[in-house]
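Chain nomenclature is as follows: A, B, C and D, assigned in order of appearance, with residue numbering initiated at 1 for each chain independently.
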Amino acid sequence: MDLPITITLMDIRAIVPELTLICVGLIIMLLDLVVKKKDLVALAGIAGTVLALFGTYKLYGVTDTQFVFSNMFVLDGYANFFKVIFYINLILTICISIKYMEIEKSSFGEYYALLLFATSGMMIMASAADLIVLYLGLELMALSTYILTGLMRKQPRSNEAAIKYFFLGAFSSAFLLYGISLTYGMTGTTNIKEIAFAISTLGIADNPIMYLGLIFMIVAFSFKVALAPFHMWAPDVYEGAPTSITAFMSVGPKAAGFAVMGRILMGAFGDMQAQWVTVLIPLAVLTMATGSIIALSQTNIKRMLAYSSIAHAGYILLGIIAGTPEGLTASVNYLMIYTFMNIGAFAIVIMLRSKGFQGENLDDYKGLAKSHPVAAALMLIFMFSLAGIPPTAGFIGKFYVFMELIGSGYTPLAIIAIIFSAISAFFYLRIVVYMYMKDAEQEIVLTQSPTMNIALAVTSVMVLVLGIFPSFLLYFVRYSIMGY
Amino acid sequence: MTLQQIYFGYFATMMTIISLLVVSRKNPVHSVLWMLVLFVHMAGLYLFLNAEFLAAVQIIVYAGAIMVLFLFVIMLLNLRKEEKEFRLQKQWPVSAVTAVLFLVVLVSILGKITVLPELGEYSIDMINAQGSLMTIGNVLYTKYLLPFEIASVLLLVAIVGAVVLAKKRIE
Amino acid sequence: MVPLNWYIILSAVMFSIGMFGFLSRRNLVIMFICLELMLNAVNVSLVAFSHYLQSINGQILVFFVITVAAAEAAIGLAIIIAYYKNNPTIKVDEINILKG
Amino acid sequence: MLKYILIPLLPLLSFIINILFGRNYIKNRAHWIAVPAILGSFVLAVSACIEVLNGKVIDINVYSWIVSGSFNVSVGILIDQLTAVMLMVVTSIGSLIFIYSVGYMHGDKGYYRFFAYLSLFIFSMLTLVMANNFLIMYLGWEAVGLCSYFLIGFWFHKKSAGDAGKKAFIVNRFGDFGFGLGVILIFLTFGSLNYMEVFGAAGGIVGQTITLLGYKVDLITLICLLLFCGAMGKSAQFPFHVWLPDAMEGPTPVSALIHAATMVTAGVFMVARCNTLFSYSQTAMNTVAIVGGFTAIFAATIALVQNDIKRVIAYSTVSQLGYMFLALGVGAYSAGVFHLYTHAFFKALLFLGSGSVIHALHHAKQDDEQNMQVMGGLKKHMPITYWVFILATLSITGIPFLSGFFSKDEILWQTFQAGDLGKFLWFLGALAALLTAFYSWRLIYLTFHGEYRGDTECESRIHESPLVITIPLMLLAVGAVAAGWVGIPPVFLEHGDKIGYFLAPVLGHPEGHGTHAQEYFVIASSIFVAIAGWVIAYIMYIKNPGLPEKLFSAFRPVHKVLFNKYYIDEFYDKTIVQPVLKASDKIILAFDVNVIEGVVNGVPSLIGVFSKGLRKIQTGLLSNYAAVMAIGVLCVVGYMFFMR
């Protein structure tokens, strides 16, 4: 039997954004050989991302769900929206890294290329319609992030973070693979839609082996989005990685993980909703608890933000637990808001890093309001938003998730989430108190650069605008997820 | 007991024993070497399952390339003195209990597995008629073209990563 | 005829053994080898499924797993080397400057 | 629509510009941004009010803030008659006080900061009054509280200012907690927070009860009492009055604007706004009336013996706010709002006048610039301040045909008509009026008459404040005299009660049962007590300056109790503040004096012990993490099969 090679124009069109990013990544590596100033390389990266963004924008017109490459790759509003999150994450990360990587003496062209490759991996994950593509996209993202984590080769912290991330990541992907294998064995296919079809026709929603496959896959995704008890890597890796990469991976892989989770759980395992909700509820509670409680006793801001991001993963998960399209909308909406506020906060952390000064300790924030009022005010906005205080975007994000959760009848869970959210407010406000009510112990020099200022302006304005005018983002999310 | 079952019995026993050896050797070089033996057995099992192409890949790529890379690294790291110390960590009893429990759970659940879905078109006869390599190649370059291309990017990232992490000069 | 579950149990046994090794060995390289063992355990089950379901997907996936394993090996070993250059040890219980 | 939105947005803009660029670029030119902004708001507010006068009610949803299934929150503007009155009060007095501040705060280090906060306050206050639903009102409510907290502690290097700010913050927390619960209860009951929807549906829940701790409680009463709890906090009613006198640590324009004219009347505004709800619950109404009447007389007695010029006026404010609640409680909503409106003028005038005195003494380098015992004889040095002070005092004491007379009289007359309880409360109110007249004139006599009691060198340096201060005073004086002429009672002038008719669509118009004879009696007795208080003060402080001392020694225990404000602060300190502090001291080894910080560090330290314990799980060892993951997988599998 000879299968003809059939690639239609539509097939190529659908992967244009991913292709663009990968090609730009290759160009960057070539450019790196001839260009001495790495700023140019970074700008090329941003330009490539904008190009890819344009491609996705063009594809937004294609509203109907399209399956291309023999049902391997799906193009729908859901995937496209996540891609927008990835682009924003990528652009902001590049903006905040330029100066920082010079200070860390790790400003390689490959850095930007790897960022692009990692992002294309995430995009493939978001668009994956087959578990094989999903697995490869996940590995592409993961391998690139492992390298980026260990990029500061001379620093033991970075090395250690890379080792931990790599080993635990590989361990979790063994589980993913086992889960895929069992699901494949039970359904005879790796295609997401066909799995859903097989589950309902074969009536195996209550089969213990399916449970096992489902749990193994959930475990792997939980690892990527850092749900407790699979979160252990996150604080260490976030602390050890270059701060710009911490910002990058506190958003990107998390969003990609949730994209996949939403697609797999609601798409492939839609018939097993009762089962996966059973598993996710304790995970969500445990995640919010560990994130909010352990963050209280942190003294390193990167570590504190790591725990904070764990807690936020718990909140985002709640929307998926709600199990309705509205719940998913709330989660996706939260992710977008989280992208802005989290990267904004990390941008301030990066600003404190200057030659010969780490600026990662909470004590370094003492008296920041006096010496650098604008930076302190921005940090205040981000902290308020992370804590979920109105009128910042963080409040809106949490609010919708909780409302959808209550709407789906999980009121006790929503109350637990609100309590942990209140607890988490303390450690965010502590930074505010440090900045505004304590006296500085030492002179702080901020590292500024034009791109950094742009990133800060964009994130802070978005945090405020989305807090005051949240509906436009929500309509956008709804429009995107409508077809899903 | 059929011949096939005896054949499987040999492979299963050997693979279990070799796996235990791989895990328990003090010297990493021995582990890698036992791993190679394991791969040969796995290739045999693959042949038994009509996966000739994978059997070849297992030997050529996995054993011949990946494991050799491990050997290189072990040599590079020069780990002589490690051999005097205890090979397991303090938490090994916990690990052992976990692994055993895991095995119990897996076996108790998976022990009852049967073939549920409709059988696909790739019957033994069909693969034999076309040849394993031909069949896989056909699928790989048509249906699975996209993952194949993604894998190429993945390998590129691996090259870049290895260079950046281990080779690149930093002033 | 060998039933499917024999293969799957074999795979489970290998996976558990690999997991035990990963959780308890001190040597990073051996931990990595244990990871490879776990991947191979899954491969066995995939090939078995592929054979018994008469579907080719499983074999394709195994092919990709091997590819990923190669890439992972390259990066993982590079990370280990990078670490080793700064701290000449690969004992995993001595790697803990990041904690708390 | 834009012009209505601009009313609050202009001050917000002024805040943003000043806070962003004030420190480095604007510095002491901050008023060039703040003053035009508030004047712009004022002009727009006037034009909006003219539309309302012509019978238009503006109720627009600007946009939907949160849309989530059944839960909808719009940012909307409601400008009806009640809002129009509040708009006029806030923007007109706000404008005058902004101008006054240009002179008063001149040369202060935090000049730009002051105008930034003041603008933010105006924005929040306008949000509060212009909201068309409870949530936006609540946001405005919290925001004015926050601004007030910032502004009280404006001179944070003064410890007393910082403490006063914290006190205001904490006391208001109690009230706001009640208010917040009330809003939540409203949402749970009505499924909406929009005024029109809630008030429209309020009739339907009359008589419904909910079980609370085993007791059956009337739902609407509970809602009203919770809301009133918030009003008590914000409007400094007994027992939450303690923060307001201390709040006078802030700059005087702040006292005039926030703690006399606008923010503290937010409680009155809110109860008036919810009059539909309150009208359904007699219990709640009686509570409001009794708390109001009691506070009126209670605060007045304290004001009798205070020596700090601003504290006297502060207690006077508490007392007058009590009057307003008294009016609301007996159903005379428009009388309450009318008093709110006139009170804003004469009380702002009193504060700004005292500010003028303090300003003058400050520049004359007297140490104890707020103590009336070392003032005296300022009449000849500060004639303008003196005369506006006289006008304000005449007005507040209720001398006929000035603003205060009409509004106070309206309240007393409506109270008198309201049954037996009303008669009793009327008696309290009249007595409070007597005391008001006394302490107001005492203030005048101690400050402006007689001989200067400070050192003479100081006296030579005292002179009238600059024009930028006195012009707002004179404008306010016009208001203090004439603002009440919109509410002349019908017995004097047919259709004279214009404001009552104006507000009637929102607040209704109480049906009077009293006769004209009774009304004349009430009016006559008010005039009598006003003059009696004046005469007593005259006798005690001009005729017989030694008399007060003799009286004090004769009634030393009474004086001591009054002077120490009934020991309520001490009581709170002993029963609430100290135990809490002690308890937290034990828990938190180093409890910071700063409250927010205390809370921020304190609560976590309870959880912190837990947190530190959990931290230990994060050992830093890779294999431990992997083991936790593996055990986690096992647990999840076990849980799943267990739950099945």
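Here is the rule we use: a contact is a pair of C-beta atoms (placed from the backbone, for glycine too) under 8 Å apart; a residue touches a chain by one contact, two chains touch by 3 or more.
Since the structure is predicted, the reported quantities are computational estimates derived from the model, not experimental observations.
Undergrad: Looking at B-D and B-C, which one has the bigger number of contacting C-beta pairs?
TA: Of the two interfaces, B-D and B-C, more C-beta pairs touch across B-C.
Undergrad: Any idea how many Å lie between the Cα centroids of chain B and chain D?
TA: 76
Undergrad: Averaged over CA atoms, how far is the centre of chain B from the centre of chain C? Could you give it in whole Å?
TA: 7
Undergrad: Could you work out how far the Cα centre of chain A sits from that of chain D, in whole Å?
TA: 46
Undergrad: Where the CA atoms of chain C average out and where those of chain D average out, how many Å apart are those spots?
TA: 69
Undergrad: Quick check: what residues of chain B touch more than one other chain, meaning two or more?
TA: Residues 89, 91, 94-95, 98-99, 102, 106, 110, 112-113, 117, 119-120, 139, 144, 147, 151, 154, 157-158, 161, 165 of chain B each touch two or more of the other chains.
Undergrad: Where in chain D do residues touch two or more other chains at once?
TA: 615, 618, 620, 622-624, 626-627, 630-631, 633, 637
Undergrad: Going through chain C residue by residue, note those that touch at least 2 other chains and give them in order.
TA: As it turns out, chain C has residues touching two or more other chains at 8, 15, 18-19, 22-24, 31-32, 53, 55, 60, 64, 68, 71-72, 75, 79-80, 82, 92-93, 95-100.
Undergrad: What topology does the chain touch graph have (line, ring, star, complete, other)?
TA: Shape = complete; every chain linked to every other.
Undergrad: Looking at the complex, which residues from chain A come into contact with chain C?
TA: The contact residues of chain A facing chain C are 131-132, 135-136, 139, 143, 146-147, 150, 153-157, 159-164, 166-167, 170-171, 174, 177-178, 180-182, 184-185, 188-190, 235-237, 239-240, 298, 303.
Undergrad: Along chain C, where are the residues that touch chain A in the complex?
TA: Against chain A, the touching part of chain C is residues 8, 15, 18, 22, 28, 31-32, 35, 38-39, 42, 45-46, 49, 53, 55, 57-58, 60-61, 64-65, 68, 71-72, 75-76, 79-80, 82-83, 85-87, 95-100.
Undergrad: Using the touch definition up top, name the residues of chain B that touch chain A in the complex.
TA: 106, 109-110, 112-113, 116-120, 126, 130, 138-139, 141-147, 150-151, 153-154, 156-158, 160-161, 163-165, 168, 170-171
Undergrad: Where on chain D does chain B make contact in their complex?
TA: Checking each residue of chain D against chain B gives 623-624, 627, 630-631, 633-634, 637-638.
Undergrad: For a test of understanding, state which residues of chain A touch chain B in their complex under the given definition.
TA: 1-7, 15, 22, 29, 69-70, 72-73, 105-106, 108, 110, 113-114, 117, 120, 124, 130, 132-133, 136-137, 139-140, 143-144, 146-147, 150-151, 153-154, 162, 182, 185-189, 198, 202, 204, 208-209, 211-212
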